[in-house]
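In the two assemblies presented below, subunit A is common to both, partnered first by subunit B and then by subunit C.
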Partner chain A sequence: MALAISHSISLQGLDGKVVSVEVDISAQLPAFVLVGLPDASLSEATARVRAACGNSGFNFPSQKILVNLSPASVPKSGSSFDLAIAIGVLAAMGVVSATELAGMCLIGELALDGKVQPVLGVLPMLLSARNAGLRIAVVPESNLAEANLVDGIDVLGCSSLLQLVNYLKSEGQLVRQVSQPVDSASRNAAPQLLDLSQVVGQDEAVGGLIVAAAGGHHISMIGAPGSGKTMLAERLPTILPRLSIEESLEVAAVESIVGMARLERGLSLQPRFQAPHHSASVAAIIGGGNSLPKPGAVSKAHHGVLFLDEAPEFQVNVLEALRESLESGQVQVNRSAGSATFPAQFQLVLAANPCPCGNYGVIGKDCRCGVLRRRRYGARLSGPLRDRLDIRLDIQPISVSAVAGLATGVTTSAQALEKVTSARMAAAERLNAWGYTRNAQMPGPILKANFNPGRKAIAQLDRHLAAGKTSMRGYDRCLRVAWTIADLEGATSPTAEHVFQAVTLRGPDQLMGEE
Partner chain B sequence: MTTNRQWLGRYGEDRACDYLSKLGYQIVERNARSREGELDIVATDGPTLVFVEVKTRSSRHSGHPFQAITPLKIARIRRLAAGWCASRQLPNSQVRFDAISVLVHGGNVDIEHLRQVA
Partner chain C sequence: MTLFSKSELEAVSSVLISGSQSKPETVLASVALSHLCEPGDTFMGRLFEKMGSLALLAALVERLDEAGMGERLGQDFVQELEDAYEQQFSQLWTNATERWCPRLSKNQAIESVDQIAALGGKLVGWNCEEYPQGLNDLDAGKPPVIWLLGNPELLADVPRVSVVGTRSSNRYGTSVAADISAVAVQNRIVTVSGGAIGIDAVVHQSTLALEGDTIAVMAGGLGKLYPSTNLQLLRRIAQTGLLVAEQPPAVSVSKWRFLMRNRLIAALGDATVVVQAGRTSGALSTAKHALSIHRPVAMVPGPIDSAFSVGCHDFLNANLEHDVQLLARPQALPSLLGMGSEQIIATAGLGALEKRALDAFSDQGMQAWEVQRLAGLTVKETQIALGSLVLSGHVEREGTHYVKLTK
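Moving on, here comes the complex of A and B:
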């Protein structure tokens, strides 16, 4: 009778738990049994591990090998336990010393020839391993760059089972790559293909986009097909400040579990841009997964931009499902094998045509849609959703004469980014005491109690409110945008002019037929 | 060929019986046939009735002899054992299932014995 224990990590969303892989070899009819709620992909580990061990020169004894993944009541999935199972068995066989495995976490999938294959989710796994107090992590060599992003745990890369066995027998070495500096020059200083200056003749819209970037305001763009909505939205990430290391780690963790992380050249500090097609399902946008929760587009756009082009064409339940994450900055995904919470702090950009045919309100074009048809189109965006949009831009198609006069737009992304960055710093300093960083995050009551720009400045807003032209919520939104405009212009408090600009940017709700 | 294999199986069962006798087991019956199949050895180990499945091989080319004892085969042995007990009115005996592998190679005979395999 022989017993050995190795360790691995089971991921539930971004949350990892240490799993003890207990291996018992007993004199019974030969069998290789895996218990502890493995799913289909994990159950197949027994076949892979047997072959990988055999082809590495370690034949299994003709005895019963029982592997228990403890805690046995937590559902487990995936192929990342292969390495821990194989080493656990070899330790129980006495090939390697079981005492070497204490405090060590083993992550990796095995190929049949004993090679160690890369797995998904290494970054969140190692964060959890470190927080659980494990000292050493062995990961596939291909995942080493990603694993090296985690401080406070000794990371070793291995390329084959035999290499790891030799290391555990103190007869060989594993790969220990010096962690390269985050934000390596090559990755984050690469020239941008997209630039704000490529947007020609849409100065007002560009101005609105800069305000949205500075305050973190959700924004909608209504305009005829071809007027540049998508072009503008794609350039929003170029004028957003670089992510902090913590923020980019959060984003990379989400990308790691869906296999989107490209971390060979260090962390990318660029805010992400997600533009799901309008046929996307709730699971694709919010998060889903067969039995284990997987993040959706809202989480992939964490600390970045979620762009919904042709927003009214999305399924209504998809749009409604966005509201929870807009409110809380995170999203809870519930599946049969458990639930997980993913971060989802994104900036929402909606684009829509003014009506199904796209010509309503466009100068020089005739709309062929009936009133009812137009109404129905607009009503697909529900009131609560459109309420969260601080800025509503009206994008007019640009005329030929305007294009002829201008080769490039007036503002480059670099210039805009500089303004946005200083405005964000001003806002962060002001809001620090309340625990916020951006104007868009400010709740109405705190805003009105502490950041009232004075009676004179908001006289116009008050008149709008009194006349019923705006709701109390709309009032708060204008006030927030006014503060962002003031931050951009370096003013200490919004003036009447800033409030006027804010009211203009907030604009009428065109899709609901407001003029 | 068939006779050769039968001879090998017979030889393995003989060696297994010798081995069990040396351990102090009493052999009750060998090759207890019924319609469904055959129990290789029925023996008693003190108060316990032991049903032994014997697997004999002349090489390990097709795997360890024990690997040939599948869950399906064990289930069949259990049914046969139940039938055997019923026909002899031994309701209260303790029952155990053992497996013995006999590896015959080059004049050597290796015997492995697993107790309580099912």
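Moving on, here comes the complex of A and C:
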């Protein structure tokens, strides 16, 4: 037989399309030609496939072998088509039966000796394969744990080309593995390396962090270098509710395409923490890639925490680019070879020094920055970005008494998580009718119309607004935070005290007194 | 001589401000007298101050002739009255009894007391301790009794400003009146106005909307609220603010009573602001009353070709030698009342937490944790106190620091 077809998956972002690998062998000058918009990494597949087949004992005929990746107009990339190309050629040569390949999806990279190597993006590929109606998926054995997370498709693992050929000739078996769907250690906030109780003498900041976790509020932290901003931010994921299975799958799919998935023990329900360096480019934060779109830090932090340390040091266009994802919970990445949409619902934590030198307002230290320099530093964070930050924490240098172990009120992550979880449940129940789950998501108009805490509680805030001392956005933020505080304390509606506390937690409109 | 029965006196006791030390019979006598005269009857006022309400009422009940009355008042006082009114005392007394005695009716006084009780209001006689200090400046023209509906504490020793203006205001006047009310509320100043349509209504409404305190002074009785278009507003004022009238509850308004009511508005405010006034606006009479009792008066300027403001401009020009000023911006209101920085920093109305936190402040900016440590509060208490102080304008947050305001 001179024509055979096998199937694989081409990923565009998280979205996979079934690709038919059509192989035709005809009597012409010997050649091995790959068409159908392959990129450089995919073009090299011909060399790998020829060597792998040869080393597995299948020498190519001295004829022209034409491989077409259909649909031919969609750009394709990566090494995951190797297996489908090799099997397609072998089917066209008659080594295996082409009819066996119907409804089967082949994913894997070939080593020159015929071994099957792991590839990126197996999870989203299999989700797409299942949705496209394919019944069987053959994946590299090392990717088996990841592939098994997808229900409704028969997943087989293979370690070499020969093993797969034998299976197709019904002369051997592939690996089936029943793996654990969820990493049970990630289900509960078991003692971890990071715990909130390790933060000493920062009761105010810890309290603010718990409020932020409970309402899903974006926060800013201002404090001198070494005051513990990073330490606090790193512990935010430990007090966030565990992810649901669906949320966890969304996160794992992103991690799968960038090679960050660690799924040997099953899905991790831990919210993720991403802390890109301030030298990061727009592509690194938002998403990019050479020709095909790749997710950035905002998507890797999906359902988790994105921590920008030294926020004013980031490029202004990076900070501005954050706004779209903060607004819509997703990012669209456009590259020459197509565009892709990645999820990006993260909780933003911005940290900044009080001034470029870091000593402004720190007792016993002298700030060397001029007023202008300090003003410019703070102004790098634009108004629209700051509008998104519901809570502002001033982090104080740790006190002597705290160092001496005299600090009281140590809250463990487990205790905080319990409070956060019950507060989130209260909020979700209340907001359910509007289609929201967290206070931070509430748009101002809906908030004011339906969740007015009553005249008594907000009279003072109203006066402040009427006097022009609070902006309407600032007012909304106070209201949102007040609701979260009320949820944390089990109150049915915010009281005046909750509103006052919210005013303090929200902080001034400007970040560093720069206006 | 006993003029009143025990049950009548008990009825009066029930409508006195709780805790009042006043004697029911003198108050009831004042009520009876208030039915006899029209507002601003200074002759009655002078007799009243000389004899007390009970003795004056007794004299009227006995129908004393001028000789008997003269004897009770004493030769010197009679002379004083003759000088003041440039009339013979016999003529003065005859005229007065002719005016008053036809109205003399004990039942009417008792009925009025019952009516104010039914409305849920209170009354204050001119010799009661609770009688507003401001009204004493009206001397003999002060009302024998004032009838109250709402929160009587607004008449205590708190800053008050009278804001009045034309009933046919335009947008400019409305917005200025609202701004002035906002500044008043911010500085905990009670607004006083006449409950009429136009500027008056805006003042009351804006004050209430910002949860401030407002007083409306009625020209008629509290049982006959006027104007009916403002009925809802007036009822709201009765709930959270205060309605004041010098007329007994069942008395209807009349033109004369409107003009005399204006003297009460002027006297209840520590200063009077006229927002907009046409050439003949009644608001100008309030300003005149205020000047006559030496209260500061401020005029809000308008375009010089505006009929809405011409009264303000003319009044300002005509009274340059008196205490009349231009209110150049709403924020100038506290200084018009002589309120300096001390008043703004006043801790009235602050809770215990806020006071403790405020005490911890020095002149320099402080961070939250410093306040917390110095005031000895918990983290949460500090956050609550600082939030409250920021909203009340006592401190301001500048970046990482809080600064005590001493403008």
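Everything below uses one rule, namely that the second predicted complex is superposed on the first by the 491 of 515 C-alpha atoms of A that agree within 3 Å, B and C clash if a C-alpha of one lies under 4 Å from a C-alpha of the other, contacts with A are read in each partner's own complex, and residues count from 1 in each chain.
FYI, a contact is a pair of C-beta atoms (placed from the backbone, for glycine too) under 8 Å apart; a residue touches a chain by one contact, two chains touch by 3 or more.
This structure is a prediction, so every number in the text was calculated from the model and none was measured.
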Putting subunit B and subunit C on the same copy of subunit A, do they fit or clash? fit
Considering only the touch criterion stated at the top, classify A:Gly288 as touching first (subunit B), second (subunit C), both, or neither. neither
Subunit A-centred angle between subunit C and subunit B, computed on Cα centres after superposition, in steps of 10 °: 150
Would you sort A:Asp462 into first (subunit B), second (subunit C), both or neither based on which partner it touches? second
So, does A:Ile222 touch the first partner subunit B, the second partner subunit C, both, or neither? second
May I ask you to decide whether A:Gln501 touches subunit B, subunit C, both, or neither, giving the answer as first, second, both or neither? second
Applying the touch criterion given at the start, work out whether A:Pro71 contacts subunit B, subunit C, both or neither, answering first, second, both or neither. neither
So in the superposed three-chain picture, is A:Pro241 touching just subunit B, just subunit C, both, or none of them (first/second/both/neither)? neither
Per residue count on subunit A, the busier partner among subunit B and subunit C is C
Once the structures are superposed on A, label A:Gly329 by its partner contacts, choosing first (subunit B), second (subunit C), both or neither. neither
Minimum C-alpha distance between subunit B and subunit C after superposition, to be given in whole Å. 73
In the complex, the residues of subunit A that touch subunit B are 27-30, 62
Interface residues, subunit A side, partner subunit C - complex: 203-204, 207, 222, 354, 360-361, 394, 396, 399, 409, 455, 459-464, 466-467, 469, 496-497, 499-505, 507-508, 510-514
Name, in rising order, each residue of subunit C that touches subunit A in their complex. 182, 185-186, 210-211, 367-369, 372, 379-380, 382-388, 390-393, 397-401
Along subunit B, where are the residues that touch subunit A in the complex? 64, 66-67, 69, 74, 99, 114-115, 117-118
